[in-house]
Amino acid sequence: MREIGIGIVGGGYMGKVHAVAMSCVGAVFQTELRPRLVMVCATSMASADRYRAAYGFEQGTDDWRVLVNDPRVEAIVIASPQETHREIAEAAFALGKPVLCEKPLGANVDDSRAMVAAAEASGAVNMVGFNYIRTPASQYVRQLLADGVIGDITYFRGEHTEDFYADPDASATWRTRGMANGTMGDLAPHMINCALAMMGPVASVLGDVETVHAQRPDGQGGLAEVTNDDHAQVMCRFANGAMGHLFFSRIATGRKMGYIYEITGTKGAIRFDQEDQNAIWLYTSDGDDAQRGFRKILTGPSHPDYLPFCQGPGHGTGYQDQIIIEAKDFLTAIASGDSHWPTFRDGMEVNEIVAATIASSNSKTWRNVADFKS
Amino acid sequence: MREIGIGIVGGGYMGKVHAVAMSCVGAVFQTELRPRLVMVCATSMASADRYRAAYGFEQGTDDWRVLVNDPRVEAIVIASPQETHREIAEAAFALGKPVLCEKPLGANVDDSRAMVAAAEASGAVNMVGFNYIRTPASQYVRQLLADGVIGDITYFRGEHTEDFYADPDASATWRTRGMANGTMGDLAPHMINCALAMMGPVASVLGDVETVHAQRPDGQGGLAEVTNDDHAQVMCRFANGAMGHLFFSRIATGRKMGYIYEITGTKGAIRFDQEDQNAIWLYTSDGDDAQRGFRKILTGPSHPDYLPFCQGPGHGTGYQDQIIIEAKDFLTAIASGDSHWPTFRDGMEVNEIVAATIASSNSKTWRNVADFKS
Amino acid sequence: MREIGIGIVGGGYMGKVHAVAMSCVGAVFQTELRPRLVMVCATSMASADRYRAAYGFEQGTDDWRVLVNDPRVEAIVIASPQETHREIAEAAFALGKPVLCEKPLGANVDDSRAMVAAAEASGAVNMVGFNYIRTPASQYVRQLLADGVIGDITYFRGEHTEDFYADPDASATWRTRGMANGTMGDLAPHMINCALAMMGPVASVLGDVETVHAQRPDGQGGLAEVTNDDHAQVMCRFANGAMGHLFFSRIATGRKMGYIYEITGTKGAIRFDQEDQNAIWLYTSDGDDAQRGFRKILTGPSHPDYLPFCQGPGHGTGYQDQIIIEAKDFLTAIASGDSHWPTFRDGMEVNEIVAATIASSNSKTWRNVADFKS
Amino acid sequence: MREIGIGIVGGGYMGKVHAVAMSCVGAVFQTELRPRLVMVCATSMASADRYRAAYGFEQGTDDWRVLVNDPRVEAIVIASPQETHREIAEAAFALGKPVLCEKPLGANVDDSRAMVAAAEASGAVNMVGFNYIRTPASQYVRQLLADGVIGDITYFRGEHTEDFYADPDASATWRTRGMANGTMGDLAPHMINCALAMMGPVASVLGDVETVHAQRPDGQGGLAEVTNDDHAQVMCRFANGAMGHLFFSRIATGRKMGYIYEITGTKGAIRFDQEDQNAIWLYTSDGDDAQRGFRKILTGPSHPDYLPFCQGPGHGTGYQDQIIIEAKDFLTAIASGDSHWPTFRDGMEVNEIVAATIASSNSKTWRNVADFKS
């Protein structure tokens, strides 16, 4: 067991949960590497200092270069807006430091490509913060699929739906500007990553990407243009031949954390809804016909990464715990020197599918994902 | 109150439920017209006679012309395979007799068009057997939408999924031959009709129609080609601008009666699943934020067509009751002389969308539904 | 196949559903006996005539003796208030005519005892209208228990909860007067019958029976005393040693048809809620621990009495269908000459448990059910 | 912000989650007091040292007296077996040190009484570890009740059911010996505390406490006597007049974390199931009758103690988070000097009800809880 100095860029929504995760991941998972919260970076010294004190860092800074360059900082978590990811990651890799970067990897495909190149050139551990795929439930679903429990997959349906912009009168902000902050840029990556994890590569897509509310109040009595998308759907074919459908929305009234998937196989089916994240619904076509049905399996010690949180089944894990699992995987990767899935390359593949989808929506034609690969 | 002589073509799955419905619809709904079960037609005299005795008809026949032409038969229910619908309907209309035809209206668009022409030329009452749209729940959802309870609709997702062909080793039968008996031909019409009822006309579609299991055991030790589709999906835009997605499958393992829709509006959302047909899930964006959620409304006397079945709320209606409601609507239409929704014209619109979807899947391009109208 | 003349006493809530059931049970189940709706009885000739016309009876009467004595009436359904059950049944049995009597059998234990004596003396077929136990789901649960699928039962929890009197300002009516019309008298019998069917005899009970709202508006500006109970609970031990709990309420806000049971065994468990009457939840302690969970089984053709209503699984049956199943069982019993469960004797046992519970609540002590047997 | 030295007695199931909670509670809640993990105690130096290293304490000990007496230890968490709680707490209070004691407070009423006396004599902050009542959901339910949202309560049903001893062949251990480790002693306290929190004092109880499996394999080929209870039920009346029912079981096959309550009021109802801990089901009797139903409210930033874990609604908290909330409340109480609910006195009331229930089961009579108070 030895300490590792952690620097986190950003102290907002995600910066905080990463800081909390780094505070306790060692106690939860008995990781070999034990995080020491060295430095946090924010856009002003005032907020950086606030975060430092609140989360227990040794130092705050308003310049991410200071954080990246500090020799006490041995691993970096990037939890700042997507537009900043590339530059920070490149600087970290130049020094050979491991990076856990929040999703989406880059603000666009070009950024992601550059980040992958930098990561791979450096040989440093790299990982993307797709936390939802790390619940004990979704990890177990991956095992079920790998074990062929539901046979060959014929159909995959996924959603990432929330309703924070469902109200047409909600004001425009930075979130309503720039493709990286729209539904395809910001929400879609989680579920695209999930689809890839469950199903393997996507071969082709047909997208329909839409800005439903073209203008929103600008907060000053006027109206502002909305320059990114409110919802989007994609029909796809996976490389294994299966049919797929993905839907993403920030205007899905009533949906709070609609990270949902339904997977149909020749011998069974699986359903999952992140709004009840401790349950997996499994159907198998065996046994007495009169006794078949979707069973609601509650996660417990026999599922991946659950036991460290609680010895009792059905007691449940939550959002913060996903980030703790992520921190464990990041630390384990650093200790071993081998990057843990999903790497930057995996994150880039997500961006490629986002790009293919938007292109398809614009051209109104099917697009091969291969054409969006470098 | 007066009697009306009923003839039913077909005594199988649907012929039976129509016969039961005609036996008791008068008692349930106190219809002005009271059905008298005059004649049932099947493919052989033996089976026709069996049906006659079983369901209480006065006479059996193996020739639908005998049934249609008999002056005691004043109204006709067509519950024979789709390929037979056209000829029978045309003969009935030639005599000015009202027809309730099982879905899909015709075996293809041409048949449907001819049937609409015959119906409209005759002026006789005509109706298509889309029973699922007649549950108290789905009728009430239509009211909620009409009343604007969930605001402007932005997204509609529908499914009709079952799993009777999920097993790749299930044998080939007539069901695996001919487009009229595949998933698009046979299952899709119910949900397409639902989408039209809830959302209005479909403007354009992008379909992906697939035969997953190209061969099946022929029951004689060999393999037979499957000549129709196992599942299909459609992205669409409705004339009102809303985005839509429809999915149809006969291989959706675990799904028994997956007639499901989710409707998202600017002020609320609705979800329905026929597998729990007495519940409507409604979310509205009003009141205290901390108390919002999807509410499970159980159908009861305050919902359409429920009270005649039971005075207590939550006591529930079932499949057979949908057909009784349908019979009531057919009899009421005959009594008034005005066809009741959905008419043959409505049924034809469904066939047009089926045709547009298949064409789109073949051409791999968006298709305007208008191009499939006569 | 031959006709049987039916007389129904009462044309209200239950009279109607019995009339409908008798109209179509032959077509649904192909019963050997085919009902002919001979006579309906109500409290006035006007209403009797209305019912006759509405439901298709040959004759109406305001005197149940006329109905019972008419030779065309070969079997009788009693669907009038509990206070009337005894006298009518006794008259019918005196003539050796079969009787299907609505629940509760008698208005009290004495009535029930007299009715059993009359039934058994006559040798005529007799049956009590506990319809909820006749859903395909609950019939199948009985099979699962008999087959030992969930091992030895250790605990049974049952409810019959509705909310038609939840509002303290709802007016007093005949329903709020007389123990036969209170919660124990009127609602409890269904679930007590269920408990007996699933678990066998009850040995002892500890009741707590309460009138929560002692007065209600009398509809004339004043207040009326409520002379029966609003809700009640019972702890019990079954003869097989298992522990039980039953709860009954007419003030269970939000509950519409809360006929619920949860049965725990050494190898599994079962849950059922009538508000979703086409689903059985089954848990079994076998197979991989990581894949265990309550599975939601949808009723279908492989469950009892489902197929005659519909060939497709998951398509669902409803309240009216329960009464059709009941009519089938009654007719089958008559054809065979052997009474079908639950007989009047079974109905009397329910009344005995009601009596023991009320006595226990009054004495505030455990009571042996044996002490309430004749 | 200042540090506070924490000592935890026990490093097992609960010792670990308390250690994790103390590691990150400051970062999550920005508490004024920031825990420093000073010492952990276990039964051997080997295990104590393992816990020290694993969870990041400064020191391990096999003597709780060392821990209690160390001046660096300023607050103590007792997470050792119930039999040890009293002695440790008394020693801590003798030094005026605050104590957070795991449930149940004492191994019996006498222990609990002594612990309350010691706590109150010392004036030190004291709290019992009833974590389930601290979910954002259950905290919000308490607010709903206090605000009268569901009117006057008429019925409360609670459960704490698990299935870790459902298998009759599971071996005897310390858990199957001694009333403090049986279902009433070990599981019941959580839900009794919940009932008190939601409903106020319990006036009288009628218990039925049972050892279903009197012998279990002793692990050496023989059988061992089971000397505590497998399941138990209680009927009660609350001081406010409402009726109640509680059920506790360690043999409830299929139940993993069955901390369930259903609360019925004159204007609404609430349901909660810990197995889906991020959902509250609320029914209110207002608005259009046709739109009423139980709504599933997902916890989010507008519910108590949720926001510090996640800014997004529906993202969910888990078991570990409850202990973090508990730690926050303990630290806040220490900072303010005022004990936070539930205090040792509250914990003692739970033990009194446990005692009254067992006595009632033995005497088979209703017992007043007042008779079990000191």
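Each chain gets a letter, A, B, C and D, in the order it is written, and its residues are counted from 1.
The definition used in the following text is that a residue touches a chain if its C-beta (ideal position, glycine included) is under 8 Å from a C-beta of that chain, and two chains touch if they have at least 3 such contacts.
Treat the numbers as computed from the prediction; the structure is a model and nothing was measured.
A.B. asks: Between B-D, B-C or A-B, which repeats the contact pattern of C-D in over half of its pairs?
C.D. replies: A-B
A.B. asks: Pick out whichever of the two, A-D or A-C, is joined by more C-beta pairs in contact.
C.D. replies: Most contacts of the two pairs: A-D.
A.B. asks: In whole angstrom, how far does the Cα centroid of subunit A sit from the Cα centroid of subunit D?
C.D. replies: Centre separation, subunit A to subunit D: 35 Å.
A.B. asks: What's the distance between the Cα centroids of subunit A and subunit B, rounded to whole Å?
C.D. replies: Chain centres of subunit A and subunit B, defined by C-alpha means, are spaced 41 Å apart.
A.B. asks: When the C-alpha atoms of subunit A and subunit C are each averaged to a single point, how far apart are the two points in Å?
C.D. replies: 54
A.B. asks: Which subunit A residues reach two or more other chains?
C.D. replies: 255, 279, 283, 292-294, 298, 300
A.B. asks: Which word fits how the chains touch one another: line, ring, star, complete or other?
C.D. replies: complete
A.B. asks: Okay, in this complex, where on subunit B does subunit A touch?
C.D. replies: Of all residues in subunit B, those touching subunit A are 150-151, 154-155, 157, 166-168, 206, 208, 210, 212, 230-231, 233, 235, 237, 243, 245, 247, 249, 251-255, 264-269, 283, 285, 292-294, 364-366.
A.B. asks: Considering only the defined contacts, which subunit C positions touch subunit B in the complex?
C.D. replies: So the residues of subunit C in touch with subunit B come to 1, 13, 16-17, 19-20, 23-24, 26-28, 30, 34, 53-56, 162, 255-257, 274-279, 298, 300, 309-321.
A.B. asks: Which positions of subunit B touch subunit D when the two form their complex?
C.D. replies: Against subunit D, subunit B makes touches at 140, 149, 279-280, 282-283, 289-298, 300, 302-303.
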